[in-house]
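The same chain A turns up in both complexes below, where it pairs with chain B and then with chain C.
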Partner chain A sequence: MPDTHTSSRFAMALANYFKKDWSGALLAVVILAVAIELVTDGKPFFHPSNLMTILNNSAALGVIAGGMTLVILTAGIDLSVGSVMGMTAALVGYVASYWGFPPLLAILFGLTLGLSIGLIHGTLVARFGMPAFIVTLAGLSIWRGTGHLTTGAQASPKLDGVFDYFGRYNPLTPLRNGYKEGTLPDFLMPLGEWVDANWIEYFRTFQMSLVIFLLFFVVLGLIVKHTKLGRYIYAIGSNEQGSRQAGIDVRRYKVLAYVICSMTAAFAALMFLGRAPYAKSDYGQMWELDAIAAVVIGGTSLFGGRGSILGTFLGVILLKLISNGLTLAQLNTFWQMVVLGMIILLAVGIDIVRQSATPRKIKQVLLAVAAASLLFASIHPVSQFVSAQISLFEHNSVSSLVSQGVNLAPTQAKRVLDPEAMVGVQSIVSATWMAGVSLLVMTIAGFAALARPGRQTSVAMMGVTVLAGVVLTLGGWPGVPVLALGAVALLGSLYTDTLFEQARQH
Partner chain B sequence: MNYVLKTEKLTKHYGGVHALNDADFFLEPGEHVAVVGDNGAGKSTFVRNITGVEQPTDGRIEFYGEEVSFSSPLDAREAGIETVYQNLALADHLDVPANIFLGRENCIDRIKIPGTPLSIPLGPLSWMRAGAMQSHAEELLARTGVKIPDLSESLAGMSGGQRQCVAIARAAGWGQKLIILDEPTAALGIQETTRVEDIVRGLKQSGIPVIIISHNLRQVFNLVDRIWVFRQGRIVGNRKTSETEPNEIVSMITGLDQGVHENASYI
Partner chain C sequence: MLKPLSKLIFAGALVAGVSLHASAITVGYITKSATNSGWIMINQGAADAAKEENAKLVTVGPAFQGDLASQLEVFENLAAQGVDAIGVAPVDSSGIAPAVQAAMEAGIAVVAIDTGVSGAEVTSFVATDNEAVAKIQGQEAAKLVADGDKIIYVTGNQAQSTGQERRDGFMAGFKAERPNSEILLVPTEWNSDQAQAGVEALLNNHSDVKMVVNAWDGGTMGAKAALENLGFGPGDVKLVGFDGAADAIVAMDEGWVQVDTAQMLYQMGYQGIKTAIRAAGNMTVEKRIDTGTFLVTPETSAEYKALIGM
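And then the complex of A and B:
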């Protein structure tokens, strides 16, 4: 152990860090980024062009999540953002191509659409006292349907280049072209040369998407922290009746939150059009869930009043990293959905514990992180093993039905394996059964350990984690870096009591 | 005599329910008074009507010699009546200065266009002067004797007493004309009650008039100059604290003979 002074200062710093709403999200982003860096071969993950690509891909969703943060901070919710985004994209594309609206007018039309929808939602919620969940659930359906109806659910022709300025346009292009054509003013020439020389390596992926994304979050962060609007949004979410008693025009500010949210959805539609080849009314499906997930993972409470814009930013990045990382780990999209849901549960669980921090609960959360990392690490062999077993079981039961003379539909008869498939399934079982069974047992043991947090449990879990790592390595499955995350959590659980004791002494 | 607050025949009916009848009340400058009475005696109705939460059915209210009729709590507050509600009206996730200035932030609310007399109103985007609010809050807390170790911490982590103190300090900071405290110590422990009572005594020294609604007669006798007793929607009388004793107040509250309730548990 280091001497008490340093370690207690460390404990204090740690305690202060975890007071921040965004602490969990930042930790997860860093851990996941390092884990991805470790598992990817070739081009390093932390390469600027890769990071910029992640930012570009996060931009449209990020902007929506930013608006959503305001609504959730007021203890509301907006389920309609995906539909608003889709409808706006479709209609903007429609009027820009078929009605011949000049691009700027089409853009203005899109933003006005967002504003009007926000006004409708906000008025229904704040003035008529309808539950935000219901109003925006209705909106989800209405605006998606309207989008399909008005555009016939058909894709628009290719859009005007102006829309590229919201998305794929690279703001460094004029500099580079100017250098190549020699039209740059002299003092900019060295800069142009440098940009051109590093174009492929660094600047190719520098797009308006990420510029707008970052700028948007800086501005939104300043608004939330330093203006009346931000202050009142927190106050309303904290104590609506109290805010009214304190003289705040609660209705007006709630309406404003919904207006801003819908307008960010409309703006995100423009950003999406800036990267998409054409406009279509099915854009943005399920985006409301991703946006809410990002906000919640970022440490913002669904009960309102607590959270931060920085947290949402990190939440968006985390979402994109997860899908990135899981793709690299060769999990298919269905698994990605499952894992994403679990990560949301974990993030909210951690947040709840952070609110009522006792050493026991913290140890439990750290153990849960370790158990979850066991689960994620073992998903590959375990899912192969389990699905092969299920195929065998189905084969047997359907075969016995067939032998009894039951007539089966072709799709049901597919459950019967032909000899070749049978060999395949059996070879999967024989290759994975040892690892599959042992990892399954270890994972279940890991979750069972939550009931008895303590030093011995942590040490035992550490042993299990190492063992799982050996099994995975021998079988050649990915997932060891995920186990490293569990190991870190377990180390933390060993020192929880010490840290708490020291924090208390100050 | 100049009164801070004076009501004549203040009456409030909810349909057929006569919650308050012909209430004649007065408050002298710098005076601290208590409003006591059983549940349903009309004290809350009385307070709601003088703070603009509700409008009286009949009667008149004078505030510093002028007849007033408040259409909303905001109206009353602008006239200088600050009310500390039982729910405190605090935003738990904000820090102390934010709560003290809640709804009355010190803001840059206009941007001047250079070279013209015009300016653009910022509305909801008014920029808060965080530094000024912080130092004003510190000064206010020092003046009212409220001790909070870390102002930047959110109220969620504070004790009931500290939160009550913040709410009273906020009222004292804005309402120099009249402060109304609704059951200020109902939910507090002994030490915290003492702390809150000290702050109320501090208001007495600064000459700020206070109306306290309380169930706690011991506290009432410790803190105030005059006691107003409500029973069944009527004011049954007022006594100077120095000229009465708990038994008399109890029998006024209950309407029964003196002595019957000598052991009333809420003395």
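And then the complex of A and C:
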């Protein structure tokens, strides 16, 4: 039957896709991007110039995460990258503006700094057998302190234009200027006109940051895949003892991994200076965590030997997509933190399920997606209802404290509502309590359903999703498109067994 | 605008007049940050005050900005060492309260600098009124745009009272004048690269934004970098700052920044430590000292620069 044939090929393709280390990250990127597209106004989220802005602002962190991937593949870790980046940025700016170093020399100085730090870390780890976690934790403190000490923690005033070539410089500028001044050769004129006409809309954000970022990952990917260095790093990470017996100079390649990692941090400092207002030693704080998160989200194992450069690329994109998208969506700061954590859990969750692929676990992940989409879709009415209800509780409780004569600080006494606010809160409660409570119950039911994945659960959840859609539509709240995402996940969970059966037969 | 300033000079004269007796007093000074450019100015004021009074100043800062645990630890250590007074810039108004109360009960004078303490008495509180200054910032910013224009506000850390008060004050001041303007928010934890990336994302997505207002001048510099990254020139999008930090004033001279509500940062540290020394010498001190504000515009920037010695 042709129908079965197509669906079994689909099953094969799906199974092949999930064999990749980076599949979880890619799926999370796509899900998140669609969700953000649905809730933002202004220019569409998928607009090229917005995507290029994301790439521009991912570039510095991305390059660091690339170097971090090599270290983690050897089963090591580098906690010092943020400090190395900050110190290099501060010192390069410092020698360029206060010691009169010509820009090229300042850049060389920065890269040499990265090289030396990498040699120190690598030697301590590989030759003296000190734990990488400890060595680089010490580095995190030492290099940050050194950066502050040498520059007095003051910003260096102005950066030479050469640094722009690592950051905000737009390679299309000469073309556009040439067109505007009429100095282009004739055959390039139409191209120049086209670029100029679409400048704000498309080409303005095509900058060196993203060009370098993409090139860097192509080169790093090729190195890891096609050179001895790449193969040995995987070998060392999966079995260090075995690699040594097979004749690999384990120490040398481990040192090399730390050197590359510190040098990427130094290079990232140059890229960051190309976009930043000034050079300062407090740049890059907590970047080590972001870089490690990107690597792990990308499917690389913290125990070494398994992972990919493409995965790290997607991990970086996912992290920056979240902060860009949540800003565009104008979500409350504290919600941003919560959503960020949940999306990271989702990406890594997909990865874990992928590795121990059983139909049950896959169904659980799909149910979790459905439950999460219920939660996001009902955020509006539920949060209105819950926060109004909480204000009422606070008012009652604080008023009774006041009547007991407890002395309260002014910020705490703010929780007592004046009569006007009281009316407002009460009207919110009466307008949202039905929708709020029912959606809250549905969301809780959605997460409870994870305990018993199966056909009946999926069908029941489908009913709940439709019901939630009805409630939202009646109340005039946005969020129905997010529910559609959950519905797709539920449909997927109904066909999981069939797909597995077909994949097994082939 | 000059009124709070004259008050400040008056207060300064008062403080200077009674600075004769203090000697060999040890004051602990717990700062919020040693690397933030605004805090560097406050810390300088504190150091100068101690020098003038011949007092010993023990300066300690948290491991990173906003680290309450390490601040509590150094506070308790200082109290245990038997310092005569403590000047503290709390990273968390209520979090620091129990330690402050214990020190006060032990007879150590505690002066809160920049950020108040809620839930415990202090000897004195030396700061600008963040909310009032931010309200002025909002009113002045409103004059730069028409009603209905879209603007961006870069917030400080919304889990800290300073960040909340500046945001509330700005919103109150601005919305009263421009009720129909849409305000897009860029959340940060007082981190200039968050400001830069966020402003860049929003500006790119909303081409009709007319102004970027910032809760502190690190944000102003991040926003300026974002404008440069997108190819804007000085004045294309209006910039409004808060703090009166030196680099923002330079940017104002270049035409990037239109208004900056300056806190008298140096004065805050200077008066805070002076007050602590006086209290340690059993002199009476004011419970609340407002260190004032200065509205910096291209017209007044020369006067401001002379005032802070730029």
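The rule we apply is simple: the second predicted complex is superposed on the first by the 403 of 506 C-alpha atoms of A that agree within 3 Å, B and C clash if a C-alpha of one lies under 4 Å from a C-alpha of the other, contacts with A are read in each partner's own complex, and residues count from 1 in each chain.
Basically, a contact is a pair of C-beta atoms (placed from the backbone, for glycine too) under 8 Å apart; a residue touches a chain by one contact, two chains touch by 3 or more.
Note that the coordinates shown come from a computational prediction; the quantities given were computed from them, not determined experimentally.
Engineer: For the overlay on chain A, clash or fit between chain B and chain C?
Structural biologist: Once chain A is superposed (C-alpha atoms), there is room for both chain B and chain C without a clash.
Engineer: Just to be sure I read the superposition right, which of the two partners does A:88 touch: chain B = first, chain C = second, or both, or neither?
Structural biologist: neither
Engineer: Does chain B (first) or chain C (second) touch A:146, or do both, or does neither?
Structural biologist: neither
Engineer: With both structures superposed, pick whichever of chain B and chain C touches the larger number of chain A residues.
Structural biologist: Touched residues of chain A are more numerous for C.
Engineer: Identify the partner contact of A:56: answer first if only chain B is touched, second if only chain C is, both if each is, neither if none is.
Structural biologist: second
Engineer: May I ask you to decide whether A:496 touches chain B, chain C, both, or neither, giving the answer as first, second, both or neither?
Structural biologist: neither
Engineer: Once the shared chain is lined up, is A:226 touching chain B (first), chain C (second), both, or neither of them?
Structural biologist: It touches chain B, and chain C stays clear.
Engineer: Between chain B (first) and chain C (second), which, if any, makes contact with A:278: first, second, both or neither?
Structural biologist: In the superposition, A:278 contacts chain C only.
Engineer: What's the minimum Cα gap, in whole angstrom, linking chain B and chain C in the superposed view?
Structural biologist: Superposed model gives a least chain B-chain C C-alpha distance of 35 Å.
Engineer: Which parts of chain A are touched by chain B and by chain C alike?
Structural biologist: Touching chain B in the first complex and chain C in the second, no residue of chain A appears in both lists.
Engineer: Would you pull the chain A residues touching chain C in the complex into a rising list?
Structural biologist: For this pair, the touching residues of chain A are 40, 42-43, 47, 49-50, 53-54, 56-57, 148, 153-155, 157, 167-168, 170, 200, 204-205, 207, 272, 275-278, 280-283, 285, 320, 323-324, 327-328, 330, 333-334, 336, 409-412.
Engineer: Quick one: in the complex, what on chain A touches chain B?
Structural biologist: 223, 226-229, 231-232, 234-235, 237-239, 241-243, 245-248, 253, 256, 305-306
Engineer: Please name which positions on chain B make contact with chain A in the complex.
Structural biologist: Chain B reaches chain A through residues 73-74, 77, 83, 85, 87-94, 98, 102-105, 107, 122, 124-128, 130.
Engineer: Tell me, which parts of chain C touch chain A in their complex?
Structural biologist: Touch residues, chain C against chain A: 34-37, 40, 64, 93-94, 118-119, 155, 158-159, 161, 184-187, 191-194, 196-198, 200-202, 204-207, 221-222, 224-225, 228-231, 247, 250.
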